[in-house]
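Reading through the structure tokens given below for one structure.
Chain IDs A, B, C, D, E, F, G and H follow the sequence of writing; residue 1 opens each chain.
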Amino acid sequence: MATVVKKPHALADIPMHYCPGCTHGIVHRIIAEVIDELDIEGKTIGISPVGCSYNNYDYFNCDMVQAAHGRAPAVGTGIKRANPENVVFTYQGDGDLAAIGTGEIIHAATRGEKLTTIFVNNAIYGMTAGQMAPTTLMNQVTSTSPYGRVAENHGFPLKVCELLSTIEGAVFIERASVHDIKGIINTKKAIKKAFKVQMSNKGFAIVEVLSSCPTNWGMSPAKALEWIREKMIDFYPLGNFKGENMEV
Amino acid sequence: MAKVSFKEDRCKGCKLCVAVCPRKIVIMKDKFNLKGFHPAGVKDMDLCTGCGFCAMICPDCVIEVEK
Amino acid sequence: MIEKVIISGFGGQGVLSAGRILAYCGMLENRSVSCLPSYGPEMRGGTANCHVIVSDKAIGSPVLNNATSLIVMNNPSLEKFEKVVETGGLIIMDSSLVNNIPNRDDISLYSIPATKTAFDMGNITFANIILLGKLISATGIVLKENFEKALYKILPEKKHNLIPQEMEALEYGFNYSAE
Amino acid sequence: MGEKFLMKGNEVIAEAALRAGCRFYFGYPITPQTEIAHYLAKKMPEVGGTFLQAESETAAINMVYGAASAGVRVMTSSSSPGISLKQEGISFIACAELPAVIVNIVRCGPGLGGILPAQCDYFQAVKGGGHGDYKMVVLAPYSIQELYELTVDAFNISDKYRTITMIMGEGILGQMMETVEFKDVENNIHIEKPWATTGTGMKREKNIITSIYIKPEVLEEHNRKLQAKYKEIEKNEIRVESYNCEDADVIVAAFGTVARIISNVIPMAQKEGIKVGLIRPISLWPFPVKEFEKYAHVPKAFLTVELNAGQMLEDVRLAVNGKKPVHFHGRMGGMIPDEAEILEEIKKITRS
Amino acid sequence: MATVVKKPHALADIPMHYCPGCTHGIVHRIIAEVIDELDIEGKTIGISPVGCSYNNYDYFNCDMVQAAHGRAPAVGTGIKRANPENVVFTYQGDGDLAAIGTGEIIHAATRGEKLTTIFVNNAIYGMTAGQMAPTTLMNQVTSTSPYGRVAENHGFPLKVCELLSTIEGAVFIERASVHDIKGIINTKKAIKKAFKVQMSNKGFAIVEVLSSCPTNWGMSPAKALEWIREKMIDFYPLGNFKGENMEV
Amino acid sequence: MGEKFLMKGNEVIAEAALRAGCRFYFGYPITPQTEIAHYLAKKMPEVGGTFLQAESETAAINMVYGAASAGVRVMTSSSSPGISLKQEGISFIACAELPAVIVNIVRCGPGLGGILPAQCDYFQAVKGGGHGDYKMVVLAPYSIQELYELTVDAFNISDKYRTITMIMGEGILGQMMETVEFKDVENNIHIEKPWATTGTGMKREKNIITSIYIKPEVLEEHNRKLQAKYKEIEKNEIRVESYNCEDADVIVAAFGTVARIISNVIPMAQKEGIKVGLIRPISLWPFPVKEFEKYAHVPKAFLTVELNAGQMLEDVRLAVNGKKPVHFHGRMGGMIPDEAEILEEIKKITRS
Amino acid sequence: MAKVSFKEDRCKGCKLCVAVCPRKIVIMKDKFNLKGFHPAGVKDMDLCTGCGFCAMICPDCVIEVEK
Amino acid sequence: MIEKVIISGFGGQGVLSAGRILAYCGMLENRSVSCLPSYGPEMRGGTANCHVIVSDKAIGSPVLNNATSLIVMNNPSLEKFEKVVETGGLIIMDSSLVNNIPNRDDISLYSIPATKTAFDMGNITFANIILLGKLISATGIVLKENFEKALYKILPEKKHNLIPQEMEALEYGFNYSAE
């Protein structure tokens, strides 16, 4: 009998701390599968953010560095410049990447750093109890937008892929989603390509993954995936923004 | 014939596997696991196509699928 | 009089709100009260506990190193806290969820199938109230009447219709004795 | 007696700010102080105020700089790593002499550390984590009631001296619930701010808010002015409580939650025939030097107890100035000392 | 005889400290003229950056606030939220706005703050002796790119208007230049509109002004203006990016 | 004797870093230390190293964190406001125990302040401007030659203890030219770093660099480990020079450039019959407490002279511990005291 | 007839006014001003059209143009 | 022997490079030297000055509160620094640019049309060298020969062809005496 799906080698064989049904876990497995398939575990260095996945350094079997909130792209720059042979990825939430870390992500992209960023957009600050993120949807109620996100006060959600697409050094940009099997398959394809782009020294690569936070959205895990499909994808269109046909 | 196995004690009872199974054969068990959740399982393995969807969506790497 | 209560269980079992109501009752009786929830880095259902003090005198540290009463709603909580209960103190456990047995013979033990009973009453979230009922009857920490007052104060208006049921749950715990 | 409420420390800070007339809050979420933001996000719109979640702590402190320039009462809150990110802004606000209230609900460091209570940002707060010679008033409440009163006070002090006032509490203080009564406290909301940048209306000379002074003579003069102000604050704004010090064998110095633990230790020690005194600095800066001088001749020794590796210790030693030994007991990483271990430390001192 | 051009009222009658031929001075005069023409001196508050224009609080006759490096948009947010009746503008260089202040400008735009930003892009850090800026052109030699700006190390110049154009809350975006009279006239038009956009509460407005730094470019002032025309405009196309036809 | 060069302090720092084997520099421009960057921008490519101008000081310090994680020698430099922006990162690096060298060429604060020389970041450097209990080694050279030697040393110390070492100099030191000889100094470049994250190569357990420890027992233990390391550094790495202290009437404490001014004052005072001693702390942390203890019985009083409002003063007072009065003379805002005014202060003390 | 006046002591001698004058009548004077620069001036006012270009480009607000 | 020299003028007049060459010469003679440029916030030609010390002994403070010699290349510099020259010291001024006259009778004054002469020599940047020539002849602070050596060391190779001219300029200043 052949294995169809099993725990990838690059993923540690320990329980993860995420809430039931939180899609962070899915993204973790995908990354680990890609590391396995590209056979790069031994030279990969992952960078953990500050957010619910702050301690995913325990979950990946490669060398890992925990970065300050929002600074993963700067930390990654330091590592990659020190050792260009390594494959370096950052794993960041929407608070981490799109709020406090705005400067770092934009300039890593501008410099065309050879990094791969996995950007987990769940439209909320998961870890700190559900505050509004720059990516929170219009009218979405959060603990710091109790009356919903309102344009007059909060402006409109930030579209990170669209923003980064204007930057020349960002050579591979794709938005994917893990709300269903097709999404999961596409997410994996995109992440794999984003790693390959780095390995062929092309420039900065990022995959935004629409992800769920059932706990802070106040929904069942299954309902949360539906919400991604209905609300998030509507506002954040999936697809490749740059580098689709790049040879790697 | 496919084989779907569950690391039951890792299951958090999120039911995403239930939702995604095209054959609707994944169910939540009555018992509690060590964590205090009702773990998932397959009720009729014969109907399983080994598509792997349940394992692909499981956020906690509970499921392994062989075919 | 000083009552030092630790309430412990999974996140989501109402550990914190139980502590809060208890402290509120104490306040209504003009006692000094404090209620300190444990706070973890995670939103996600690990073990939660809360330290409640109700006292006639000003309260020193809100952190309890030992307790006069312990309410436990899962096994890990019993393991963690049973040793901090003072001699002569009491442990109240939700026997629907806790199957271990404390290793102490110098304390009083009450074992109540709170979660199951609450489930049967149609609202699983009443388990904590049932356990509080027992605490109140066993210690006299606060008055039953004040409990009802406290509920009216604490709960948002739209939940006031639940209060009679909650008082029933309290009553159940208050009067519960292992048959 | 007024109505009593059972509230979380963080919520009380928020409520106190509202009662002090603060209508502008800028902050960035961080445990263990997020409830301040949640509370204000709800309440500010109700009173026509502004709650704004900034994109970062750096932005938040600079929004505070802006709002304070415009002459309004303004607050931000954060916890240790977030406060580190505000250091440049703090130094700017101090130099530009803007009134602002900053709350630090301290978590255990260094680095990302943990989120449990600590007092390990004492040095940062009182010696100046930012660059240059500046001070801010630092108040360390030890109960929820005091948290309320000092928060209101913080706004008054800030306006009066055009200074930053920091409320510094351990994580516990933000998370615990206690009874609080919102007594009316003196609250000088409508202080004149003729220096504020609100538009000249073509009726007055323009106002400039700045922290740069290119000529050294001018910058030195400005620094002297700041130092004179700090002297004035040292004269007027010391807050301290002492218990049992008159004939103590050992005087313990402790602030915030730790002082509460000591108050449990005092009767325990009494039972063993040891007289323990307590000096509780409430204003960490200005530090109550005189209180220590006053009792320096009394005990056999001092003992400083802190949730850190020994920070206020230095100020206690400076105040005692060699007259008596000053011992130290500290816990770190979110650990809290229990009464027994402190008593043991005290006994070690009396035995020696 | 009628006055054709004279010192505007909103500009202080004192010498400015800029180098000979530095176009910061031109931009100052334009802003002051706009303030005069809109008759808003009494309610305007300007925010000075850190850069060569750090002390332009001395040059404008309205209330002024000096901000920390890059933080002018945050300071402006604080002021404007405190007093929405004021007209608030920030004046920022390319180091200030496009490097250290990236997060602040993007999020002021995202929130749609009612601010007007004058962004003086001279492709270099003037004040600190000519270091590379994010906007430095390819191959441009600066004190920190002594071998020229090279894609492999430094990536490509950041196009701020293009970047901000992806943000919904940024409602008026235009790039202008003061390298010649036509440019000066257009710059003034754009700045005036950017103020009006704020005054009609539409959202965030920014005008990027291509500007010269003869000192650090090592050119005569006239040559520097030519360099703008030949090199800068070629890379940074002039024109309106957003809000051209907005009614204000 | 080797070849002598006439070089600017800032250039010497850069050259020293290169000679110490540092091949990675991340920084953001700020006066008065920009020449460090200019020098390295030219030279790094020649030796196959990386010079990278970051988008901000915050990014720069986090790039340092990354490069240090990867096990290479790495440096950043800035000046006061920029150093404030690095405080979070510094606390992270300290907690994660990464070796790194940070240069602060201090300008006068607070706020944007001015760009002239000052020593007003002493507290920030030695007490911890960032959050939590951490220390970094702080070296304060007083000549260009010493600047070279201490910069090389800084890399060795950093690697040896897995700590941050800061070179702190007043603006003058960065800007002035003096003769320097690049003597070979002990330089342990090839220290093993088995903890570094360079990829497992599938040959070893994975390495993790982190500064978060969620369990309080573990974080306390980590803090104890840090404190033990700091004790070790205090034992081994004190650097101090004293002159003329054996029978001094007044002992002056001064570091950096100010100590040079004092060395001019000593003969002037001698002429007036006053014996002036000088203790010059070179390591500001660890502070040379013992040196002060050693001479505490000698003079009538101590005088601390600084370019600030009185910062090292506190460490001197702690070291002298009440045995003698400790006076203070300070200038701020970029002003430098001249010999005559210091002599006058000394005379005030001897007269009183 | 137009009138162009210069606050000579503010002039920094940058020559932008010279470059921009369509009539080529702006010149740099031989003398030094207080700042040590050769200040600009108009050599033949009669030719001036009063277009204001010189004043519009002057970074130092040296020039006023009337018509 | 200790020579304390302040050189002052506009930015761009070569004040700093004059100081640097002077210090370099001192170094070649195995003296202790220091050279401290003033640095302002601005790139833009305000007044620049530099403090140079050449001494037989170790140098204390590099900051000069008084000077043995002063070279001034504009009026504001003279105004600012003339009072710091010690009695018996000297002031050398570029009379092409400085038309004020120092208010001192306890010092020696040399007034040289350095900028004009340099202009006539075809390279206005030699003005500072001319003034240094006078400083050297009036004080013997360093040897003329070493000056040439210093130029070869300091200047990039492609500028070495200028050195003979620079030495001419030096010579001019060295020998200049007001007629």
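Everything below uses one rule, namely that contacts are C-beta pairs under 8 Å (C-beta built on N, C-alpha and C of every residue); 3 or more make two chains touch, one makes a residue touch a chain.
For clarity, every value in this text was computed on a predicted model and none was experimentally measured.
Note on connectivity: the fewest steps through touching chains from subunit D to subunit G is 2. The greatest number of inter-chain C-beta pairs in contact is found between D-F. Chain geometry summary: the mean Cα position of subunit C and that of subunit F are 55 Å apart.
If you average the Cα atoms of subunit G and of subunit H, the two centres end up 36 Å apart. Looking at subunit A, residues 18-20, 22, 54, 66, 68, 99-100, 102-103, 106-107, 110, 127, 129, 134, 153 sit in touch with two or more other chains.
Counting partners per residue, subunit C has 40-41 as the residues that reach two or more other chains. Residue positions of subunit G touching 2 or more other chains: there are none.
Per the touch definition, subunit F reaches subunit E in the complex via residues 28-31, 34, 37-38, 41-42, 45, 51-53, 55-57, 81, 112. Across the complex, subunit D meets subunit C through its residues 4, 6, 31-32, 114-115, 171-172, 175-179, 257, 260-261, 263-264, 336, 338-340.
Within the complex formed with subunit A, the residues of subunit B that make contact are 2-3, 10, 12-16, 18-20, 37, 50-53, 55-61, 63-67.
Looking at the complex, you find that subunit E touches subunit G at residues 1-7, 11, 15-16, 18-26, 29, 178, 180-181, 184-185, 214, 220-222, 225.
For subunit D in complex with subunit E, the residues that touch the partner chain are 24, 26, 50, 52, 54-56, 58-60, 62-72, 74, 88-89, 92, 96, 197-203, 206-212, 214.
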